[in-house]
Structures are given as structure tokens and as C-alpha cells.
Amino acid sequence: MSRQAAVVGVGQTQHASRRADVSIAGLVREAVDRALLDAGLEHRDIDAVVVGKAPDMLEGVMQPEQFLAGALGAHLKPLIRVHTAGSVGASTALAAVTHVRTGLFERVLAVAFEKQSEGNAMWALSPNLPFTQPLVAGAGGYFAPYVRAYMARTKCPPHIGPMTAVNARQNGGRNEYAHLREPMTLDDVMNSPVLWDPIRYGETCPSSDGACALVIASEEAALRGPRRPAWIRSGASYAEAMWVPGRDQVSPRAGKICAKAVYEGAGITNPWKEIDTAEIYVPFAWFEAMWLENLGFCDPGEGWKIIDRGEQRMGAHLPINPSGGVLCSNPIGASGMLRLGEAALQVMGRAGAHQVDGAKTALGHAYGGGSQYFAMWIVSNER
Amino acid sequence: MSTSGPPKEPVKYVEKQLHLPYCYVAGDYKVRYLAALKDKTILGSKCSRTGKVFVPPIVASPESFAPCDELIPVADRGVVTTFCIVNIPVIGRSIELPYVAASVALDGADISIYALIQECAPADVRMGMRVEAVWKPDGERQGSHEDIIHFRPTGEPDAPLASFMHRL
Amino acid sequence: MIGRFLAGLKEDKRIWGQRVAGQGVVVPPVGYSETDGSAGGDWVEVKPTGVVTAVARVHRPIPHLHPCAEPFAFVLVKLDGADTALAHVVRDHLEQLRIGSRVEAVWAPDAERHGSIRDIACFRVIS
Amino acid sequence: MPKLRNVAVVGFAQAPIVARDEHRIATEMLYEQVRAALAQCGVEREAIDYQAAGSADYLDGRPFGFVAALDVMGSWPAKADLHLEMDASFAAYYAWLRIQTGDSDTALVCGYGKTSEGEPERVLNLQLDPYYQAAIGLDPTSTAALQASAWMARTGATDRDLAALAARRRAAGARNPDAQLHDPASAEDLAQTPWAVEPLRRGYLPPVGESAVCLVLAAEGKAEKMCDRPAWIRGVDQRIELQTLGGRDLSRSAGAKLATERALAMAGLARAAEVDVVELCATTPAEECILCEAMGLDAAGARPAINPSGGPLAGNPLMMTGLIRLGEAFRQLAGRADGHGVAGARRAIAHGAQGHCLQHNVVWVLGDERRWT
């Protein structure tokens, strides 16, 4: 029952603030066509489809996978639709892995997308809950207080977030699919408007249109494919309740539990030493330092020091987000799958200009909700 | 029949304005919570297993999974555990920018509420600052979250970081 | 594909379908086969007349959702030359409407065609 | 076929379906059902190692509505979890897959949502493609009526046939304490009710209803300890179809047919008629007949008994109607259906569906004996 699964195809769209050249279906098909081409497969080779996206309010279509079923080649196939907030792209990929690991499916297509330009994301992410004063202004407004708490707790210097943002852009400049590729300087970020104090504009992810698709295959099917696959050594998705007294949103317990599960599953005892690169979900620059701690790459309070020393840059000890990450492209529903897909490309050795030399083992990570949902996998170039 | 196809220049967008009315049930706990605001009282619910207090009241503790079967008042003052200063607008919101949205741990409660901090410059708000509710005058309170206009500094000494860092 | 189909309605009052694998001539087109996911093929113009394959009579229209305030019928219409049916409405002579009825498109006036499926104002029974 | 694990439904709790619960929000309704389902199984929350849920943001009228459900599902410390923006019967399907991988042995499956807070006719318009079908204002009753008309035209069925079937389900619903409609109504009476959307009369359709549901799945080894008469899942399959109403034969359900064939094959059965009870997620009498045809069942026959709970025609809480069918199949096999129990029921089919005109179907085959040795 511990069957292996592998990534045999990766496809993503050009990410941009507005993809006016394609419909929702066209956007999704751009990613799917590329993933199928990458895997040397056609729609008829796919046994089941797993679709993920963040709130349907972003586009104004309820359960859009229903009208997209034809576009996805899913007619008369099994399909499920996942929604786990910001982590959804990653949990969608993991749901596809589950399908394959049952032994009932040889090849499963996982697709995630967001066409944020077709609605108003700031509105859709600022829920006016009934009987509650509407104060939260978008995701930035929600997360900014925890960034402040991180800064207070670790007494880190103020340039850590800006440094992270500058590095992300540098990486994104090498990624042909990224939405934001222009370089920024530390001064650019420091002098950018403060949107949700302490979060600056330059430390904030864009709002993107984009999609990602992965083909997940069984061991036998992967070995028959045209290319070297990325072997999925482990994967896990966990979620925790919101209103737990003392729940730490700076370093959530769910994130630690999920990380422990994927490390154990992959036989990793020292992630800092054994992982070659990681794609982690950083929608606001400060979260890179926070997640480095939460993921156990260092002791609590030490995450910002890794960034300060530049050890997470390309060519350094543990390149983080060589693709530029969420700070350079954020089609919300797809962002988590992009993290997992980029991790897979790294261990396949096919990340192009942002390839980390010799990457053998990589982590893909996403989170969502009020830092409640976590989904991760470890991929490797070896079975 | 022609096979040249329709005009080359496509229609770019199909617009749709959605109008979806909803009518939300508050739930009995929330009804009592809102009614108590009229009397300048903030109610929380107490976990039957751990004794921890949730504001606004919820029917079960997510921590212990046990019911919270008792409603008790908590203070209308507490400590700012963390906050952000909002500088950008949201459609349909009328609060003047910039404003401070804070997590406030009310005295007697085990989780924080979101609150608007006013009557001081945003730059003067601090983690640990003591704040109190500013209520609408008698006769104007309707039993709604708007009965508390905002929170303001009390002028008491700040709470030390260690005293609230575990309950942001 | 959708944009060009809608441009055909708006600018030329012509209805175009697309010949796709597994489905024949699809009207309205989406640019791919909904049965096998393959990408679409040639444009084929179809006639503004066709046969009704399903009828749902709405006696009490829902305001701000349904396309008119008076009783009307939703229909599926297989246009002449098409292999799939189009969902639309019939507003008049509802007593003559049944499955199998022949209908034709009624166009919205030039100034009211904005590039939408409702540039066809409705269908009317012709037999 | 790979080696599969025997997995059973071992607990099921459902809030009685009502038009509107004025006293509780959706998560409060759910909390009680989670507690009740665990109590049936005689376990604490810690005993369950996976959770899956189904709900829809648009029905909640807010983004991320499902996040609040974590708080009442016992998600502390964090639980391995997945939320599906679907009817919860598909969450059960996913939980079953998850148990098949061996990563989990037990799962909570939850469905919730307060349909009464919004206007489903408007909300479900948004499920249709935004360019062609939503844009002309189609609502779920109208699409169901289109489907009914196509089916009636093909089969020659009449208004009387729809009335007769609706009356039978109303009679059954009267024996089910969790059903929303408890008053039996004669076919004659129902045939006098005004048109909802012709050819469907209001008397043939369920009113807006809401509930909260929790079902527990467990693998062999644990299932027997949690339930004295587990309902073993012997086969399951699900299929979606293209959405465009005019792009498929609306008078038939190709997806339900295929899913049934695959589920029966997995279960080692030749025909659907070999089971004793069938619970169908059919929200109109025409849908029920279309499903029966797809599955090879006689909608008017005595055996297998079809929708002895009254089915969705006696209560249709969106996003959990399909999961309730699975729960009802469990009740029948576990001897817990009481007033609407089918004597001697040993095998059952449960069907879940979502989308306009039966776009997406899941079919379960259950039995009182394990499938695999």
C-alpha cells in the first residue's frame, strides 16, 4: 500500500496581472497543455482530474471546475475540486498523489488556477463577516500583526523583509514565467509605501492571473515516461482550528506538525543539511524568515539571521524560492501548486535559468487560512 | 455557407454584476452577546473542561472540543497584543485612513478580538498598550458590534511583552 | 473563440459554430471539444433557425435573474447546421411552443448588441 | 484491480433537515453532529486520524466559510485534512481513497451549510459557464425542468407519472424523522400544485432545506470495534460530465451509468437490481427516473427499495444531500433506519450528485459483509 508516485509533467502559464488574451478555460488549458506535452501524454491518458483554486468569489463563478470539466478533458472521468484557502494548490497536488497511491489510477492531472483580474481580490479577501466589525483589509491586513509580533519577538533588524524581497526579485528575473521580473534595490523597497504597517508595498506579492498543472503518475507509468521524473518521497496536509487560546500564528503548530510528517516520510532528520532547495509560500517578505523557523531549518528566532547572512540565496547553502516565489507571481489558487511544481523541476534538473546546481532533494510548501492550513511535499531525483 | 469565420477582432469581456442577497442567522450565543452590548457588557463563553473564556462566545472550545455552556462577562478593557496600521482602502469600507486594527486581549478572556484603536496617533500605538472600549451613549446602543465605537488608550502602564506574547 | 463568436453576433448578426472532435459542429463554441479536451477546429456558420429539444416554462420569473419579467420559456435549440443545442429563451406565442417546434433567432437592435449571448434577444416559434 | 482495503461506514449523525434553523449557525449545527457521530462509535476525537469536509463558499455567502468548520471538527492539534468545494459525498469518496493509501485508518466526513441564508436559485446560476448559460439567467429549477422535458419527450412519461413518484417519496419521508417534509401527499394533491417551472410542479420539488452531517469511515480492524454492524464499502466510482446542457443527452445520465457499472464491477455484482436498498440523490422525480434507467433499476418497483428515507424529494440540504444518501444506506444495513427500515437489507447502493442536471455522480455499493479477503 505504500506505492510510490512521481511528477512526470509540469506546466505553468505566463503569469501576469491581467491575462486578457485568454478566458478562464484558456488560461487553465495553457498550463494543462504544457504539462501534458512535458509528460508526453494526451488527455486520453489521464485517469482522473483534481482541480484546486481559492475562493470562487475571486472570479464570480461558483465551482468553476463544473463548467471547466470539458476544457480539462475530464468528461466521464473522476474529478474532485479542492479548496483549502491559500494552500489549495499544494493540497490539490497532494490529493492527486493520493489518487495514484491507491493503485486505482495510473496518471492523474492536478490543476490549479486563479484569474484574479476577473474580480476584485481585495474585496474577495476582506470578508465582511456578519455581526463583526469589518477591519481586516485583505490578506496583508490579516498577516501584518503577526509580522509585527515576529519582529518584536526576535528583535530582528528592519532590513530583513526588504532584503528578502530584493532577493526574490533577483530570482524571479531568471524565471521566464514570473509576473514581476524587474530588479529592485533595498532602497526601492525601504522607500515604497507602507500598506499595512509594518508591511511595505515592496514586500508584498502581486495579484496575478495564472495556472499550474502537474501530471502525477504511478511508479510504473513514471518509469515508462520520456523524462526523468521527480519522485515524491513524502507529502502531507494538515489543518488546525482558529480560536485556540494561545495559538501561535507566528510559528503555527500545524506547520511544525506537517513539516515533521514530511521529513519523517522522506527519512530526513536534518532538513538544513539534507534539503538542497525549497520553494516556500511567502506572500509577504517577512514570512520567509518566519517559515524558515517554522519548517525547522533553524532554531526559533534564528530565521532572520539566515537571510541576513544570505544563506538562502542562489548559489548559497539553501536557495529558497529560486523561482522568485509568491513575491513575484501570485495567482492565489495556483501559487501552492507552483511551489510544489518548482520543487519538482529543481530535482528533475529542468528549472532552466533558475536551476539550483545539483539539487537532489527539494521541499515544496504552502499555507493558507489564518496560518491554519499547511501542505508540503519532499521530492527527489531518486526513488 | 461561409467558412471564413466570425470577425477577427473578438469581444474582449463579458461583464456581470452579481447581486446576491444573504440573510444571516446570528445564533443564540451571538444573539445574547449582541443584546448584552446594549448594557455595555461584553459576554464570553466558558469552556466546560478548561475554564478558558472565548469572546465573542462560541459553543465549543476548539482546543478541548468540549462545550462552552456558560456565558460570563469579561472586562471592556485589555491589552493590545499586536496590530497593524491600515493605509489602503477596501471597497465598501468607510473607516478613515490610516487606522489601527489591533488584536486586543480583554481582561478575563483567553482569546483576542479585533478592534479599532482611536483617540491617539497610529504611530503611538504599541504592543502592550492598555486600551478600553468607547461605547455609544445610553439610548443609542442597538445591540450590535457598532455599540463599541472603538477602543482608546487608558493611560495605564503598558503590559510587559512576556505577559501577552503567548496569546496574540 | 468565445470572443469571436460574440463579435459575430454583435457585428454581423451571424451565428458561428466550430467543428470539434467527438462533438461535430458545436454552437455556441468554446474552442475545444468538451468530450475529449482536444483543441477546436474550423469555423462553420449555422442558420439562425433550428429545432427545440427541451422546454422549461417559467410562469413566475425571478427578478434580476431571469431575462424578462413576463412568463417565458427557457429552451434548448439545435440550430440548423449544428450538432449541439444552444440554451436560450422564447418569449412569445408560448402556447405554440413544444419540443420539436421550429424557431428562429430574434436579434436585439443594433444599439443593444454588446457582444453577449443576449445579442440574440430571444427565439420565436415559426411553425 | 489493485489490492484494496475493506473500509466501512461506522457512524452517521445528521441534524433533522429544516427550512431554517433560527438558533444556530452552520458550525454550531455541525458541532453537535460531530459529537454524536463519535459517540455512536464510542471513541474520542483523537481516535480519528483523517478529516474531510464538503461545503461551498457561495452558499455561505463569504469566502473561506469552511475554515470556521475546523473549529468544531476537533482540529486541535492539527489534523490531516482536506476540504472539497463539493457535495460532501465527494469528501467521503476522497476520505475512502485516503484510507486506501494506508496513510489513514479512520476518517470524519462532514457536510454543512445554511442554504436558507442565501437564495439558491440565484447562487446556483453561478455554477453555469459565465458566457452562455449563466448569462441567460438559468437557475437550477429551470435546468431541471429542461432535463425533465427532454426525458418526458423521449419516454412518453406524463405529469401523472411525476406526481405518482413524488407522492411515494413523500409517503416514505413521513416515516423518516430526519426528513424535512413529514406530511404525506397524494399524487392527486401534488398534481394540483402550481408549476415551479413547467413541467415541474412545486409539489414535486423539495423546499429549501438545511442540515449538518457527520459520517465516520473506518478500515477493517478498527471498523468492527467502532460499530457492531459496519456497512462495508464494496465498490465506489465517480464521474463528471461536460456541463453544457445542449452538449449532452439531457434525458440520460451517462455519468451515473458509467459510475454504476464501475462501482458494481468493483463490488463483484452484475446488476444494480441485486441490492436491497438504493438511495438516490435525485432532486426531481424526473432525475430519479433518469438515474434508475442509467442504473438499470425499476423506479416503481418494490425491490430494491428506492429512497425509503424519502430521498431528496423530502429534504435537500445542498452540499450534504449526497452524503446523507450514504448515511442512509449505512442506517439500512446497520439496522438503524427504524421507521423507514427495509427488512432484511444486506446490500445497498448510495448515490451522490452535484451540478446542474446530474452533471457529476458518485455511486457507492455497500454490503453487510467484507468485499476483500
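In this document, chain identifiers A, B, C and D correspond to the written order of the chains, with residue numbering beginning at 1 in each.
The rule is simple: a contact is a pair of C-beta atoms (placed from the backbone, for glycine too) under 8 Å apart; a residue touches a chain by one contact, two chains touch by 3 or more.
Predicted, not measured: the structure shown is a model, and the values here were computed from it.
Of the two chain pairs considered here, B-C and A-D, the higher C-beta contact count falls to A-D. Taking each chain's centre as the mean of its CA atoms, C is the chain most distant from chain A. Chain centres here are Cα means. That of chain B falls 48 Å from that of chain C.
In terms of their C-alpha centroids, the spacing between chain A and chain D amounts to 33 Å.
Chain centres here are Cα means. That of chain A falls 41 Å from that of chain C. Centroid to centroid, with C-alpha atoms defining each point, chain B and chain D lie 36 Å apart. Residue positions 23, 60, 69-70, 74-75, 128, 241-244 of chain A each touch two or more of the other chains. Among the residues of chain C, those in touch with two or more other chains are 2-3, 6, 30, 34-35, 64, 116. Annotation for chain D: residues touching 2 or more other chains are 58, 70-71, 75-76, 122-123, 126, 129-131, 133-135, 242-244, 247. With chains as nodes and touching pairs as edges, the resulting graph is complete, every pair of chains being joined.
The touching residues of chain B, when paired with chain A in their complex, are 12-13, 16, 18, 24, 26, 30, 34, 52, 54, 56, 58, 62-63, 81-93, 95, 98-99, 101-103, 110-111, 114-116, 122, 127, 144-146, 161, 165-168.
The residues of chain A lying in touch with chain C in their complex are 23, 25-26, 29, 43-44, 69-75.
Against chain C, the residues of chain B that register as touching in their complex are 1-12, 14, 19. Residues of chain C that touch chain D in their complex: 2, 6, 23, 26, 28, 30, 34-35, 53-59, 62, 64-67, 74-78, 84-89, 99-100, 116-118.
Residues of chain C touching chain B in their complex: 2-8, 10-12, 14, 16, 42-45, 64, 81, 115-116.
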